[in-house]
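Some structures to go through are shown next.
The following pair of complexes shares a single chain, chain A, combined with chain B in the former and chain C in the latter.
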Partner chain A sequence: MKPKVAFFDFAGCEGDQLQVANLEERLLDLLEIVEIVNFREVISQKSDDYDIAFVEGSIATDHDAERLEEIRGNADILVALGSCAAIGGINSIRNSQDPEKVEERVYGEDADKVEAWDKAKAADAIVDVDHYIYGCPIDKDEFIHVVESLVQGKEPNIPTYPVCVECKMNENVCVFARNGGDKSISSAKREVQVPGSQEVEQGPFCLGPVTRAGCDAKCINEGTTCWGCRGLVDNPNQNAHKKVLDKYGLTVEEVLNKYNLYFGWQQEERKDE
Partner chain B sequence: MSNEKIDVDVEYLTRVEGHGNIKVNASDGQIEKCEWQVIETPRYFESMVVDHSWKELHHITSRICGICSIGHTVASLKATEAAMGIEISKQDELLRKLILHAENMQSHILHVGYLALPDLMGEGSVIPLASSHPEELKTVIRLHRLSNEMSEMVGGRTTHPQRLIPGGFSKIPTEKELTELKNKLRNSFNDLMAVADLCEAKADKFPDFNRETEFISLTNEDEYAFYDGQVRSTDTGIQPVTDYKDITNEFVVNQSTAKFARNNRQSYMVGALARLNNNYDQLSPMAKGVAERFNLKPVNHNPFMNNIAQLVEVVHNVRDSINIIDKLLENGLEPQEEYHEPEIEVKAGRGIGAAEVPRGILFHDYTYNEEGICTAGNCVIPTNQNHANIQQDMEELAPNLINEGKDEDEIELNLEMLVRAYDPCISCSAHHLDVEFVD
Partner chain C sequence: MKVIDKSDFDVFVDNLIANDDREVVGVQEKDSKFAFETLQSADDLRLDYDVTILPPKKYFMPQRETLIEYNLDEGETTPVNRVVPRIILGIHPYDLVAIEQMDKVFEDTHEDPHYLEKRRKSVLVGVNMENVSDKSFAKTMGTATTDSGYDIMLTDIGDMYTIEVGSSKGSALLDKAGSAIDDVGPEEIKKVKQFKEELSEKFRTDPKFDPFELPSLLKEYYGKDQFWEKNSEDCLSCGTCNLVCPTCYCFDVQDINDISLSEGERMRTWDGCMLEAFAEVAGDENFREEKAARYRHRYMRKGRYMYNRFGDIACVGCGRCSEQCLPDIADPVDIFNQMKEGTS
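Let's turn to the complex of A and B:
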């Protein structure tokens, strides 16, 4: 019997399920080892009988939470698919904003009708999550690796080291060593003391030292910087890329205070620990 | 005429992006309730962009939608560039046009091939096609893969592209890559015609439903507009993009967590059919040839023909992409350094950016302070602009179906097909309320 697989989505862009559709011919190969019984974006059939559930998106309403609990009850294995489900993701930017202002900015005078929570949460804030596939969007190869591992009853191998490790293997010029093209001040810019001098350097900022690897440093390869989409590396104080941080005179906390697109929910959880 | 009770209750409509319900109740042939309900959890992007840097906004708003992340990125960059008076090079503009074609192809092929064709073939999804129609499915997959390869080559990634940044590109494709892409595009016409044949063979399955409405899209003197232009309405003519709020007039309805929109009538339609209705003459001859096979001419008022308009556009996208690559290669690509970061003078100001994305016209509107930090944002999404038109269509189609004596299952299938024809992207459209419905 092939294991039955189901996909569900909460608040998010559905870009991770799109990566599954983007497997093209490889999706047909995957169907040799699993049976897809729920995939609302692509198929009409629906079923409550499934072994592995992939959930995408953040949880932000009571209705979301009830649905997620139901899915957890039906599934033997629950996998958080993509950053929104795995770590709260981009939706958690608003977690640090004043909830009243958030509603007013979007809904104006209808703000009082809004029934969403003040914070967007990761799936594991509501239910137990067995496995995590990080990324915004997820990496297609990593998705296949996780599915194959689960079908074989093995533990998927997800990196626990920072993006810098992969970036160095790709021989990229370190983002911190690049010259920014402009003199603007913004949260995406760093302003750091060059060790041993009074000089303050302006340049692009990168979250590679504190972010979980597994993306092959994709964004840096493509000429931009790491935005942190795969979330914090486990225990950043120990596992961050110390060499890069030391070289540019940064600490983990400085990096995290400086720049935050994806870490909103994770940062709150760290404070609670 | 039916005198029984009709109760159509579709929760979480499948094969669309995002969450929507269809509710229709009727007894003795009289409609008691007929609603297109949008039930997406609100996501608050217009607030999330506030306090963030001009360098991050396109990255944040790309996440409004996975399927149209490239279109959101482009509209976002155009808004930022308009706010700060940033100009991009002709080469970068051509590359942006190329990647918009790639996304339009990807999204339309996904919709026509994976989501709509199963209805025409009488299957519940694309998966059974693997055994019932393997060659046809492989054709669709080849086209889908080609458009994704194109997005990746230009933008660095198929979804949530990386290379597109304010002022240009952090990295550009090589001439060799562009030449290879051009060859692949030229070799794709057979596959495109095979999909057209497939649709033509099932053309009688498209319901013959016409309801006069208004069509709104970008228009541009020089080309079939995707990247740039003015706003054109079949009712009210041409207006500048900066008038977008007077055109879209978003409003709140109780049945929806997404805003609805209206201009000259109770509703209007955006997307492939709207573009085709407004800009038909600028389609490539081969695309027009496909339109003629389906007797699709402007102004066509059958929303089900949006599927065919998408197919026509894919042919145009392929043809125009080849033209763009020829232009890029004509004088050789202007090289740029690795990790390119365009020089930008940060300024305070407000900018509005519009682009045609797969589901229709998209507006981003940002205000920045002197430091380039966003103080206000607004995004008007294509699917929002279509919700009211879906509702109006449903109010006319549902009684028609009942009068024709269709049973509950047929009514449900037809209403589902209607919504799917719009290819709604519901999760993008919901930056609105989470309300309890009154039954």
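Let's turn to the complex of A and C:
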């Protein structure tokens, strides 16, 4: 019998489920090996009878937590789908800010009606998570790999090494070496145009050296930089990475800003260790 | 030794691109760096490069390679060896030495058809270094020039290249240049000699060790844990030093199933001993869990283990690891100098 699969979403943009929907004809191949019983982006059917639950989004309210616990109770296997569920994601940018100000900024006069926690959390802050699919959004091939592995009872193979590995294999010019950059410019700050925008960054920066690979270094292949969307590797050498960023002219504040985009929740967890 | 005018050489290369069945690849500019890539025109060839991002090993041992295809329903496996015969233009002497070392590895104990077939169907066109990367210490390692490993070897002596023939494959390639090839004269031989003398002045002068001291120095330093811990403190475990190394050949093998679960392929991909999971085995054991142990292993491998097995120091002094390491902790000269000076 085919395993029953369900998708659920919490605080997030549902972009990861959209990636699954975007599998298009491969979605039909997927249906050969699993039965989908809950997937609001694609079907109207709903069921509480499922084997594998994919949860997307950060957990940010009591109601979220209750719902997630219920899903955990129903599912044999629970998979965090995408960065918000797996590592807290961009919702946790606010974790380091004053919660009242954040609510006021977003909801204005209705701020009192919001019952969100002060911090957005990853799914494993509430329940046991069996597997993680990282990325903002997730990589479609990696999603298929995870499903295919789970159906066969295999451990999915998710890289534990940083993005640099895939970037080197693709023979990209290192972000830090672009435009003739070399280490001798350390004292002089360089301004780097953000591709496709008018924004200018103090640069260069790249979070690839501490970010989990598995994306094939897509962003760097396309000429931009790694923003860390797949989260920190298990044992990131952040001290060494900060020294590198400092050498290339980023201030401590700039480095923290970069880290906060995706690493907010993971950094808090690491502090507690 | 032969000679060819540079303009004739360009015609020769363009003819190869247009008419030879083999793929013509050569060194080209990539942003401010250089890389071996498929050549569209002789104009794109940069034989004056200093060093490429990746060594040419990628042509014999691709980053990702299918070894077999299988069908689980039928229980069938089909060996796969996708060989693209190539003419590779512009290999520096240190990379030629590295390829000779790799040949030994892939012929030893178990012949590796995936590497060897690609290797045998390739023609290696070497070029002596005109420009030297800041980090290169090929002179120290004895690889600034070489008398072997190439099918033909070029030296830029102004408006012409001199050509040394290293094999019948090389001589057959030269036949395609026809009458453009001329015999060398005494004047040109003098220029090659002068070229090599000038080259010898272009390398960094800080190495204080002799390559033949490395096996014994490394043996002495194996147990000095603090030395390795101190030097590896800023290691990002990103594997860059492995991946860009012309003598690193470790790989990982994975079975990748198709979504149908009936078909799949066995893939091998580059791996590296600096990556955390490299020495991880079943039962959650990891033989080199700490970065210091991994960092030490790389040096042991380069300067001692490979020497014990094949008689080669497996560092050719290209300087790629040192140039591309972001925290700047991968310079073999720094480590070997420290050992020579007795730093603990």
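The rule is simple: the second predicted complex is superposed on the first by the 227 of 273 C-alpha atoms of A that agree within 3 Å, B and C clash if a C-alpha of one lies under 4 Å from a C-alpha of the other, contacts with A are read in each partner's own complex, and residues count from 1 in each chain.
Keep in mind that, in the parts below, a residue touches a chain if its C-beta (ideal position, glycine included) is under 8 Å from a C-beta of that chain, and two chains touch if they have at least 3 such contacts.
Predicted, not measured: the structure shown is a model, and the values here were computed from it.
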Problem set entry | Greater chain A contact set [chain C / chain B] | B
Exercise. Between chain B (first) and chain C (second), which, if any, makes contact with A:Arg178: first, second, both or neither?
Worked result: both
For this session: Identify the partner contact of A:Tyr161: answer first if only chain B is touched, second if only chain C is, both if each is, neither if none is.
Result: second
For this session: Go through the superposed model and pick first if A:Ile36 touches only chain B, second if only chain C, both, or neither.
Result: first
For this session: Have a look at where A:Gln97 lands relative to chain B and chain C in the superposition and call it first, second, both or neither.
Result: first
Exercise. Touching A:Tyr107, do we find chain B (first), chain C (second), both, or neither?
Worked result: first
Exercise. Should A:Tyr132 be classified as contacting the first partner (chain B), the second (chain C), both, or neither?
Worked result: neither
For this session: With the two complexes superposed on chain A, say which partner A:Phe54 touches: chain B (first), chain C (second), both, or neither.
Result: neither
Exercise. Taking the contacts chain A makes with chain B in one complex and with chain C in the other, which residues are shared?
Worked result: 173, 178, 180-181
For this session: Spell out the part of chain C that touches chain A in their complex, as residue ranges.
Result: 30-33, 35, 53-54, 58, 63-64, 233-240, 243-244, 254, 256-257, 259-261, 269-270, 272, 275-277, 291, 324, 326-328
Exercise. Chain C touches which residues of chain A in the complex?
Worked result: 26, 29-30, 32-33, 144-145, 147-148, 151-152, 157, 160-162, 164-165, 168-174, 176-181, 183, 208-210, 233-235, 237, 239-241, 243-244
Problem set entry | chain B to chain A touching residues, read off their complex | 12, 14-19, 40-48, 50-56, 59-60, 63-67, 69, 110, 114-115, 118, 124-127, 130, 138, 141, 144-145, 148, 156-160, 162-163, 165, 169-171, 252, 338-346, 371-373, 376, 427-428, 431-436
Problem set entry | In the complex with chain B, residue positions of chain A that touch it | 9-19, 21-22, 24-25, 28, 31, 36, 39-46, 57, 60-61, 63-64, 89-91, 93-94, 97, 101-103, 105-107, 110, 113-116, 120, 136-137, 173, 175, 178, 180-182, 184-189, 204, 218-219, 221-224, 227, 261
